[in-house]
Amino acid sequence: MPELAAELLECERNGRVLFSGLGFSLQPGQILMLEGRNGSGKTSLLRILCGIRLPDAGLVSWGGEDIFKLGPDYHEHVSYVGHRDGVKQDLTPRENLRIARAMGKPNPDVEIEDVLEFFDLYDLDDVPTRTLSAGQQRRLALGRLLVTRATLWLLDEPFTSLDRHGIDRFEKLMQEHGEAGGMVALTTHHRVALPDTKRINLSS
Amino acid sequence: MFMRWFHELGSPPYFYRFAGRLIPWLGGLCLVLLVTGLYLGLIVAPSDYQQGESYRIIYIHVPSAWMSLFIYVVMAACGAIALIWRMKLAEVVAISSAPVGASFTFLALVTGSLWGKPMWGTWWVWDARLTSELLLLFLYLGVIALYSAIEDKRQAARAASILAIVGVVNIPLIHYSVEWWNTLHQGPTVTKFDAPSIDVRMLVPLLIMALAFKLFYIVNMLMRARCELLSRERNSRWVAELAEADHG
Amino acid sequence: MSDLSLRSAFAVLLKRDLVLAYRRRAEIANPLLFFILITALFPLGLGSNKPMLQAVGPGVIWVAALLAALLSLDGMFRSDFEDGSLEQLMLSSHPVSLLVVAKISAHWLVTGLPLVVVAPLLGVLLSLPGDAIAVLVLTLLLGTPILSLIGAVGVALTVGLRRGGIILSLLVLPLYVPVLIFASDAVSTAAAGIPITAQLYIIGAMLVLALSLAPLATAASLRVSLS
């Protein structure tokens, strides 16, 4: 499985340099925590790794190739959960997951029912998402990670609005994903109880 | 050799200094040509046997109209370079061109309408070229408005570049459709700008003025590009050094 | 990525937008009502003189169609931008420029097609002859997709702006001029009983051009707006 590598990344916002000369790599099975104060550019970095945002200098590569040249061929390996949940409020959870599945490379081993079950959304399956609580909507967004065959999870504050039980559950899920050879890069303010995570601090 | 120079030119501090040295020379040349062209056009050239003295407005109107289109194409070309090769300098040139181009378009419209008064007895006629020019002005204003509405200036420049390219694809369509519309709705009017055999004494000042306007554009665009570069790179070392040298 | 999964992604996205529009059907009706209302205002402002209405009718209906299209454009990407679905779209493993076509198609089906359907009614209101009404429908059928396609580029460029609406009209309306000219000219010409194949071919050619270029420009613009 290819690795994700960043070389000499620079990002500026409104003329202010958030970070520069940033380099790291992420191998299969690794979990990477991006740390730093508010406004240090964690979200921007994640968006650069996604390929949504252009870095002002430097290169992000997947298996040695520039992700901006790979385009969709890179995105089939990536699943991103950002600040905004990316779920349609007027659709039911099941409809939302079905769309997420079609947009990526569907994972044939996982049924949408199982994902709903896993995230305790099964009973809420036929109501519009807007009637769900914030925590439930977040769980639905995280459910997207499982319906495609994405190996690289990019997560921006995934624990927001989750309760203790949800957090434990999702930590375990990330760990299993890593053990199965997947990769995770995440930002969080929570203390995460994951063994051997790699850390990068953008503030220092 | 050329590629290396081109590459060097792409670096903001080099361009800033290079443009700074170029501006006085080009500006001086522009001034000389402008004075010569106006003298030859307004005083030396003979008056037109049909239009009398009022035809002399072509020395402003026609070069402005040429420039309005020329600058739009330059802007779109720089926009394409900026998008494809992510060259900062091309963004800056594209964006600095827009207000100059819009001003030339406006000038072409105003002089066209001033000319219309003695020619048609009215300030505005929906003539095909004037209408195209008006739409071109809207295209320019769209680019400028979009650029100023987006806060992050790199993002703004890339958005404006896309718009300029979309506009350049549309210009021939707009021009052709307006001509079509004009011939259908107005009947063929005598197009005043076509002078099949223009006297050499009239043509030479026109070409001189066209050259002067082109230089004016380059000088003005370079000045704007320098300002834009300074404001964008205000946190970089070369700008800080420049400011230091200025104070000390 | 195989064709099959691309086709299914296209279908899923198209269906998604249609379902969303259906669940908010009150909002779809607004541009349509606007279209009818604007057209109905002209006889009130200009008087009900029949030959005069016939003369201005094609232009009035087409200008109203442009404005109605403009009014409906903002909905194309706005809600997707706000809830983060647009980011997900950009991260799809399918080419964004093709997915964008699905969204534009859905937008046209929901906002453009209704204009085509009510157009005969407006033609009658402005006393257009029968032949001209048929041509009006035909030009709208060919022309409104162009409006959606060009509009998509404008919306994609302004979706990140809080007050994108006014700028959007400045960006898009000048680009609509060729469609307006040829389409309203076709209707007037048809009303005079002159053949209009030339105009229809030109509008058709513009549709092909818009269909091949606008999705690429829209995808590029979305990328810029999201960065």
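Each chain gets a letter, A, B and C, in the order it is written, and its residues are counted from 1.
Quick note on the criterion: a contact is a pair of C-beta atoms (placed from the backbone, for glycine too) under 8 Å apart; a residue touches a chain by one contact, two chains touch by 3 or more.
Every value quoted in this text rests on a predicted model; they were computed, and no experiment measured them.
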{"item": "Graph class of chain-chain contacts, one of line, ring, star, complete, other", "value": "complete"}
{"item": "Leading chain pair when contacts are tallied as C-beta pairs", "value": "A-C"}
{"item": "Distance between the centres, which are taken as Cα means, of chain B and chain A, whole angstrom", "value": "47"}
{"item": "Chain A-chain C separation of Cα centroids, rounded to whole Å", "value": "36"}
{"item": "Gap in Å, rounded to a whole number, between the CA centres of chain C and chain B", "value": "32"}
{"item": "Numbers and ranges of chain C residues touching at least 2 other chains", "value": "227"}
{"item": "Sequence positions of chain A contacting 2 or more other chains", "value": "54"}
{"item": "In the complex, chain A residues that touch chain C", "value": "47, 50-54, 71-73, 75-76, 78-80, 82-91, 95, 98-100, 102-106, 128, 144, 148"}
{"item": "Chain B residues within the chain A interface of the complex", "value": "86, 151-154, 232, 234-235"}
{"item": "Residue numbers on chain A that touch chain B, as the complex places them", "value": "12-17, 54, 56"}
{"item": "Residues of chain C touching chain A in the complex", "value": "1, 5, 8-9, 12-13, 16, 19-20, 23-24, 79, 82-85, 87-96, 99, 223, 226-227"}
{"item": "Chain B residues touching chain C - in the complex, by the definition given at the top", "value": "83, 135, 138-139, 141-142, 145-146, 149-150, 155, 158-159, 162-163, 165-167, 169-170, 173-174, 176-178, 180-181, 184"}
